[in-house]
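A, B and C are the chain letters, set down in written order, and residue numbers restart from 1 in every chain.
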Amino acid sequence: MQEAQFIGLLWLIGILAEAMTGALAAGRKQMDLFGVVIIGCATAIGGGTLRDMLLGNYPLVWVENVHYLIAIAFASLLTVAIAPVMRYLSKLFLAIDALGLAVFSIVGAQKTLMLGFSPTIAVVMGLVTGVFGGVIRDILCNQVPLIFKKELYAVISLFTAGLYITLNAYQLEEWINLVICLTLGFSLRMLALRYHWSMPTFDYQSSGDQHTH
Amino acid sequence: MQEAQFIGLLWLIGILAEAMTGALAAGRKQMDLFGVVIIGCATAIGGGTLRDMLLGNYPLVWVENVHYLIAIAFASLLTVAIAPVMRYLSKLFLAIDALGLAVFSIVGAQKTLMLGFSPTIAVVMGLVTGVFGGVIRDILCNQVPLIFKKELYAVISLFTAGLYITLNAYQLEEWINLVICLTLGFSLRMLALRYHWSMPTFDYQSSGDQHTH
Amino acid sequence: MQEAQFIGLLWLIGILAEAMTGALAAGRKQMDLFGVVIIGCATAIGGGTLRDMLLGNYPLVWVENVHYLIAIAFASLLTVAIAPVMRYLSKLFLAIDALGLAVFSIVGAQKTLMLGFSPTIAVVMGLVTGVFGGVIRDILCNQVPLIFKKELYAVISLFTAGLYITLNAYQLEEWINLVICLTLGFSLRMLALRYHWSMPTFDYQSSGDQHTH
């Protein structure tokens, strides 16, 4: 139970951090406070919600326990209040977001495995949980999803989920598995940000589309 | 049964009005007639469909009763035919849209409550039913969802759904509850349009994003 | 069983072709390799996934059989490798995409009918299966869905699904039905591309929106 409480606490930190990235994205589009709350909520719970809808796993976590939704709405509004300070906290914020990425990927994989799906699907669902909140945020803000273009993000989610599932298959103690995956996932993301590690990009201009450049 | 028929009629008017807003949005993007019909359908049934998918409530209303879908497709095409006249009907149209907003919010909350979910989730689902048709429309038309930026819209949906659930909890006669919520929801929206009431907006330019302005 | 194997093979060709259109669209937005894979997967399985989520039909095909997902990811990466040659293969590619459109529409309608839904819903779901992979692709790439603006596409999907369901209702031999629908759907799409057949478009500028032009 102690692992569950520990990971639960990290998960809560993660969704609140995601809500804040959503609120900031809404602010960049000059949305109103209600838009801020909706984008905050969609960012925080979007990944897990999509996972459970793809798996047909009902009721959804936040439908059953509405307190999460209220906490997320509050975190979104808090972001507006502390926005002037956010500039100076941007490094702390990126670190919390990196932690959230690792936690979401692990929790998504763990839940999928516990529902009886295959390890491969568990890894895929770790990725969905880890990155699709941000994808939904960017779609609602009408921009190309950042995670497809910037520093390593989705691939770290996939790696973290995959490592967790692999170590789990070797029946490693849950506590040790969590610590290893969290540390590696978090560190890789921070290093990717620090050294601007990114995937090779695919730049394709078909003859029919040249006028777009 | 009479309340059910009354609210059912208003709901039908609401989805047809939503279909028309979808068709007009498609026309602003110079879509073809098929695009008009698809955007019209997605706008009209998108909110309720998302609600039922989030709740795992199957079969969907329009899957079980396909006549709604056909009526919506017809309303979308009719919008194209009467488009030249729409300019002069824009006030009538905004009024029907305001009525639809109130009806959708009430119906969404009502259905969720009847499925046995908590009152808070019923209010959230009233909001989802009321506003996400428009959000899906704007995403399909590749623009930032209007309801996050313009005159009070989503907050009226939340207020209307919340009022309905509250009066319902105090066991107010259903008829009286409906009349109060419809009247207040509709009037608030019309007043918001008339006097340009809007929520405060959140304008956030992070240092890293200044080049976007 | 032989029809099932034949249509299954065509379906596999179709999802691989769809994955390639997704990968190329991601390349036009200079996404990284991971974005390419995710857009490729979403394009290939998006239509069928949306259909099954609308119908509440779980588990999803690719959740149950993860090999499809791996094949799609591979096809997306292969597209990057052979991109320089794609320019010269564009006609072949359009032909495979046209075949995929016909196959998806038929398979979507067939599956829906086999789940016990009405023929009309089967036709609608043939359309959803045929075209929404491309719609999801365009949303993820932040552009107005192509299929709502260009040469006949969605209407061919609807026609193919409708013809299949009609001939099926008249108890035509399954083999013959498949051959007729595939041939007609494919040929119509190729003719639409060749002769630039398109639906009439709806161009609506409301007075309040004139500043957008």
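Throughout what follows, a residue touches a chain if its C-beta (ideal position, glycine included) is under 8 Å from a C-beta of that chain, and two chains touch if they have at least 3 such contacts.
Note that this is a predicted model, so its numbers are computed, not measured.
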Among line, ring, star, complete and other, the chain contact graph is complete
A CA-based fit of chain B to chain C gives a rotation angle in degrees, as a multiple of 5, equal to 120
Would you kindly tell me how far, in whole Å, the mean C-alpha position of chain B lies from that of chain A?
29
Touching at least 2 other chains, the residues of chain B are 53, 56, 139, 142
List the residues on chain B that touch chain A in their complex, please.
53-56, 117-118, 120-121, 124, 135, 139, 142-145, 147-149, 154-155, 158, 198-209, 212
Residues on chain A engaged by chain B in the complex (per definition of touch)
23-24, 26-36, 38-39, 49, 53, 56, 58-60, 63, 66, 69-70, 80, 83, 86-87, 90, 139-142
